[in-house]
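You will see two complexes here that share chain A, one where it goes with chain B and one where it goes with chain C.
Right after this comes the complex of A and B.
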């Protein structure tokens, strides 16, 4: 297996950081959903940061999986923040017609980690 | 580096969609397409290759380098012997899908490329040809 094509899932503080490879095939994309939800439930994390900074194309299948995963994470009570989309990917995905639903996007993983670690916006304050 | 004028990639499994993407990415960058143009072409390959796999099970992507005066371009032909498309105009409409997808494959790929031609016969199969010209 080409290591360039593997997903990396690591915990950073109270956030799950998932980094996608440059050109994931369909089974790698399916793996994204399973591994992310598993890690969300087994580890005590507040949210998910999906790092797309290495990704070279976002087709309709990939976009739909990302948007569904974000929805599932939200049902489990977590935030999802997408980080680092390249300009060429943003242009192409928009022209193709894909969207990522209402998933929040930011430019850098740093910023995403800050946001994902915060309490959900409408949640009650905890002491 | 020498570039072959034509070639093909068989699309038989889901993994072959990624193989086709990689082949076309290499080709497009060798032909001098820019990063965004290459992303457009590769994304169209992914959508059209997935259509072949989803609707027909298998098929083939053939590619040809095009030369017209000073211009160079890339032609990609996706050919399958699947069920065919009953109404091509309907299939090009936004949000139309019979395969449980989002219905953006054909219209989306058309927007990403410069030209698209669809030949389809019910029960015989479908050939989708797309072209992209290099901007000088």
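Right after this comes the complex of A and C.
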């Protein structure tokens, strides 16, 4: 696997910052879920910030994995914030009929960390 | 129009510097040799080049010795040549006296230029066809200006189709007027998403006051746009939901409960400011508005 394809999983304060590469292949995507859930269980973090700002291509497998991972993180008591989705990816996501449920989305990682640092949300998303 | 001339093409003494310049024929010769904007040349009855003034060489790149006697089809694009355009032009000029056309022509080096071409049948005093006069003008610059204007028109039209205006830091307004079809909604989605990321705006006010009716398909497009906007981390506030529109949406069974909707743009703007944690208050005596 070349370095361009690698996922970065970093703990920042009390959240897990996971950054996806530009064009992840299926094994990288599978890796995303495994590593995120591992880190969720081994580290005491409040939630997940998934940085998609580098992602240029979204396929149905990737979309489903993201949506499922968010649900799993939620079951483990964490919140997921998706950051930096590009317009083209967002259009693909609507075409694929992706459902993100209560997962929050923000434009930048910076904003995501701001949100994650706030008190746990009371159901409805806060901006 | 048929041009009557006394000399036949074979007798042309073009480019001969020793000619005395007193006759009008010679003055005409000097004109065709020196004029820069037009290439004025003659063809024989079969369409082969018989005269080649310097202006023609400048425009088309062929030297006199390599083009005299060649068929004029070498100036045409491959497609035009194959479609028999050259012969048709001579046929029309023979029949009607004149043929005019604007289109792409090819230089010796293969580059194209946009040309205005006039072909005139040349007949002698008895009315016998002696050849053709061909006037070519390079209009590439004009063509480019036209293209630019057309592009500007397209841009203006796009702005009219999907206007996206920043009304406040972090707030974009899309005042939609007229019917929303699939193509337009697609354009709307793309433009709005790009403008939102460009300006890092968090709220888009989608105002449908000027949209006459909404059908299931339009509503579906709007819902998709709202979703896509949410994916990139922004929020749509749908404003201008008139009573008729509200009735239609409910009767169609369109579920817009996931979106924020308001009757007027003003109340939508209030929602947008609130989402950005801004609030508007009247300042003391002058009554000026202040946003904090």
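The criterion applied here is as follows: the second predicted complex is superposed on the first by the 116 of 127 C-alpha atoms of A that agree within 3 Å, B and C clash if a C-alpha of one lies under 4 Å from a C-alpha of the other, contacts with A are read in each partner's own complex, and residues count from 1 in each chain.
In this text, contacts are C-beta pairs under 8 Å (C-beta built on N, C-alpha and C of every residue); 3 or more make two chains touch, one makes a residue touch a chain.
None of these values were measured; they are calculated from a predicted model.
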Have a look at chain B and chain C on chain A after the superposition and call it: clash or fit. fit
Given the touch rule stated above, what does A:100 touch, chain B (first), chain C (second), both, or neither? second
To the nearest 10 degrees, what angle do the lines from the C-alpha centre of chain A to those of chain B and chain C enclose? 50
In the overlaid three-chain picture, which partner chain does A:39 touch, first (chain B) or second (chain C), both, or neither? neither
In the superposed arrangement, does A:57 touch chain B (first), chain C (second), both or neither? first
After lining up the shared chain so the two structures overlap, which partner does A:115 touch, if you call chain B first and chain C second: first, second, both or neither? neither
Contacts for A:72 in the overlay, against chain B (first) and chain C (second): which applies, first, second, both or neither? neither
Considering only touches as defined above, state whether A:9 meets chain B (first), chain C (second), both or neither. neither
Taking the superposition on A as described, I'd like to know which of chain B and chain C A:84 touches: first, second, both or neither. second
Smallest separation in Å between any Cα of chain B and any Cα of chain C in the superposed model? 8
On chain A, what residues does chain B touch that chain C touches as well? 87, 89, 91, 93, 98
Given the complex with chain A, which residues does chain C contribute to the contact? 189-190, 193-194, 196-197, 200, 202, 224, 227-235, 275-277
What residues of chain B sit close enough to touch chain A in their complex? 14-15, 17-18, 21-22, 25, 35-36, 38-40, 42-43, 46-47, 50, 94, 101-102, 104-105, 107-109, 111-112
Where on chain A is chain C touching in the complex? 82-87, 89-91, 93-94, 98, 100, 105-108, 111, 127
Which bits of chain A are touching chain B when the two form their complex? 23-27, 56-61, 64, 87-89, 91-93, 95-98
